[in-house]
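Shared chain: subunit A. Partners: subunit B in the first complex, subunit C in the second.
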Partner chain A sequence: MAFPRTLAFLALATIALSAHSAAQGIYQTPEDFLREAFAGAPPEPSKLWIDEKLKPGIRAILEHDLDVLRLRYWGKDGRTAWILEEIGKERPITTGIVIHRGAIERIKILVFRESRGWEVRYPFFTDQFTGATLGTGQQLDRDIDGISGATLSVRALTKVARLALLLHAHSDFADGKQ
Partner chain B sequence: MANNNSPRAPLQQWHRRVGMTGAVFFVFLITTGLLLNHTGALGLGKRLIQTPWLLDLYHISAPEPPVAFSAGEHFVSRLGDRLYLDTKELPERGEHLIGGLKLGDTLLIAIPGKLLVISPTGELIERIDSADGVPAGMKRIGITASGQLVIRAAHGDYLPDLEKLDWRKSATANVDWATPVTLPPELEEKLMQAYRGSGLPLERVILDLHSGRIVGQWGVYVVDGAALLFLALVITGLWMWAKQRV
Partner chain C sequence: MKGPFCLSFTRSAQVLGTVLVALASDFVHAAPSPEEMWEIIQQQQKTIEELKTRLESTQESVRVTQKKVKTTEQKVEATADAIETVPRGASWADKTRVGGYGELHYNNLDNDFTGTEKDEVDFHRFVLYFGHDFTDRFRFFSELELEHALTGEGEEGEVELEQAWVEFDVFDSHRLRAGLDLIPVGIINPTHEPPTFFGVERNPVETNIIPTTWWEAGLGAIGEIAPGWNYDLVLHSGLETDTAGPDAFLIRPGRNKVSEASADDGATTGRIRYTGYPGLELGFSGQYQSDLTQGAAGIDATLFEGHVDFRKGGWGLRALAARWDLDEGTTGLGPESGPSPGRDEQWGWYIEPSYRFDLAGLIPGELGIFVRYNQYDNNAGVDRDTEREQVDVGFNYWPHPDIVFKFDVQEQFGDSEANDDDGFNLGVGYQF
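Moving on, here comes the complex of A and B:
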């Protein structure tokens, strides 16, 4: 019968479209993330120059160079906050990361633009990074469990977590620099 | 020596003629095929064609006219969706160039939703976007007599402090707004050449030579003909070899 088939098709299309729209969005503005990270009073931004000493490490983590020479970050009392972007499959994922004394304190997806892999925004996934540090070979000191169907997003998020730890170590707020 | 009275003689003569006729094509197809087989190692995909007549053959032309702004002794321009500092292409695309100016030791370019801080040698120092507070609906950028940047956006004029990423709203008079300029003819010519010369890899040309498409549909038919000649040679060669054994 054509009518029930049409209804079923429309129902499936609605579910697919709503899942697609749920995937993309601004989950938190960078301003709000920074306000939350620094108890309502974010410090003035600092700048980190991507010099020749830092470039090889960045390239090893991202598998490409950063296309800018300078990054902004926010730092206070041994903590730094970074707003970083990395492409999952096709579009950049904007991530906020807070590092405290060389370990990840918090990681949050702020803007997700891909059509798949949005599950990486949920705490069940991001909580795995809490407390992670940079180990040998600039790898995280722990394994991060993947999510089936979100492999590229997981990979992108793991890369920015490692990058934030590396950048923190070169910031003015790294251990031993203050 | 071939015996002309043999029943195979006409076939041998035909085989020889086809072989001689097709030799040029075969060498050509083998050469281009070998090159295509090693595209990666030879870097054919990264080598860009700059030859004007070849670019004309592919109908690669620059969109006109370029939109340009003067920034100190440099020119910032947009051609298509590509952005340039003088003739150097910048690692950012934009469908609209709002303005460009010199700000201290650096150059500042405004495109929708973004400010690009560029070094005088054309390196992208920093990308400041809406996540950093760039006001929505940027229309113009300018500079005051004291060197303060001014941004005219949808909701008014801003006097931003790019060091602190502070976006103060303020009415300002006597602003030297960035306005489009005409590029010097020789720079425009170089820009057009740079634009045209960044879209045709050598791999594409060799692929089209191999398939014959470089001269259109007739070229494909000519290569088809060469392939059929090659097939005919194989069949006649095998036929004669089989007859010899009988």
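Moving on, here comes the complex of A and C:
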């Protein structure tokens, strides 16, 4: 009967621990991300309306529509920053992405809420996206190696990277629009 | 002067004089009088005034239009804000998620020794997930499975609850989970959605040595100890193997599936995983159970398992090895010398190289080819050769990342030709 008693003790310890637990999964606030992206002086936000011209491309990348009428973004000197969310397996992953002259300059997981696959937040994974551009079929111009057991989180991150590149091309700060 | 020249000059002078007089007369008549000039100026002034009035009116219209545009912009923004902040559905629905997977199999296998055939189609697994977030830190997840499509007396199918746990975040990157959960051992047991692995049927090592799908009730800690290094530590209910009969001390039939299961002797499982390089997973796990027979024979048991799962570009490699060691127990008829001797050691391993490539330009999706060599032995404790081998060769076709069609050919070799089932398998699977 030792096993049930051990479990009971651990259950009580768990409840006690949970009362003092801290919020988890927030790795950087959007404000800090934007400050880093724009050398401490982020510009005023701009808005990109999700019009009929943009919708098909978004649907092709995400395999669903965006649930908003327009997106807020920050732009300056050919550089745009986007805060995007996409569900991995069950829960949304909040990602900050900076695009400079049509290529990914930085990608960072800001909030990760999934039960597994948190390795996607580390530079050893996100560095694969640096310099990536949109190629044919709105695919990235390179292969992204995944993480075993976190296939859906990897897929979600790849989708938002492609989406940010598409949105940048339709923003006021895209090449040829300034 | 006289003569023709004098006559001609006179006439010319007369003509010229006539012309000048006529011109002077026209000029005197064309020039406006001061009164006429005044009238012209008055009309021009009136025109200027009218144009000035029109310009002012236009400027006012522009100002009004600009104001309206600004007001409209504000209204549009406010409307968009309102639409985007309207709650969609009830709050519980926003926090509840549904998912699932399924796989339909066709097996065509022959045994030349016994002359038996398996020509069978089976909806092997139909699974639904339900998850719910109580708060950002507390969540629930479950997996309900219907196996073999039909349940009831005399039917092959079963309804199984394979996961039902609550989890909460204790510290950053450390979570506690309580309930019914998958045991963190091997590659297939934690992740077994059909699009994630090659082959119609799961490999025999992670079926007969690691009894996938293997779930128990317990309490576990899950987390990260360094970038790329993850751990699991679970205290959970244990297996209960038979002590007599053909299944004595076999691992797979020892699963109680948490159905009014004996809880005299639990087990502890730990796992370390390294995923610090893109595409790579290295995993090591171990389990200890103080009595594999839940009090019947006092047999303690240990399981050790290690695996690698690597994919770089299109190339993939999976390899796994696992081994059970069971002691003889207290009855004198344990796994070493009992009714099925040699089950004090049970092990298996496999290696599976693969290549996956894009079919863009031909048909949408990806194709993957693989070959897998498996070897396992549930009676390894005896001196004679009792291991069984299986070779699988085939392909997966993913028209969409979440949908897969599978084909493979299998060839078995074994301790007895009566166990050799050879043939091919077809399957279709999905996840969402």
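As a convention for this text, the second predicted complex is superposed on the first by the 154 of 178 C-alpha atoms of A that agree within 3 Å, B and C clash if a C-alpha of one lies under 4 Å from a C-alpha of the other, contacts with A are read in each partner's own complex, and residues count from 1 in each chain.
Here is the rule we go by: a contact is a pair of C-beta atoms (placed from the backbone, for glycine too) under 8 Å apart; a residue touches a chain by one contact, two chains touch by 3 or more.
These numbers were taken from a predicted model, which means no experiment stands behind them.
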item	value
First (subunit B), second (subunit C), both or neither touched by A:Glu44	first
Contacts of A:Ile83 with subunit B and subunit C, given as first, second, both or neither	first
Partner chain in contact with A:Leu69 - subunit B first, subunit C second, else both or neither	both
Which superposed partner A:Lys53 touches (first subunit B, second subunit C, both, neither)	neither
Comparing the two partners subunit B and subunit C, which touches a greater set of residues in subunit A	C
Partner chain in contact with A:Pro30 - subunit B first, subunit C second, else both or neither	first
Residues on subunit A lying within both footprints (that of subunit B and that of subunit C)	67-70
In the complex, subunit B residues that touch subunit A	91, 117, 119, 123-127, 131-133, 164-165
Subunit A to subunit C touching residues, read off their complex	1, 3-4, 6-7, 10-11, 14, 17-18, 21-25, 67-70, 89-91, 113, 115-116, 118-119, 122, 124-125, 128, 137, 143-151, 155
Residue numbers on subunit C that touch subunit A, as the complex places them	80, 83-84, 88, 97, 99, 131, 133, 136-137, 139, 141, 167-176, 178, 187, 190-191, 196, 218-219, 222, 224, 227-228, 230, 235, 237, 263-266, 273, 275-281, 309, 311-313, 360, 401
Complex interface listing, subunit A residues touching subunit B	29-31, 44-45, 67-72, 83, 94, 110-111
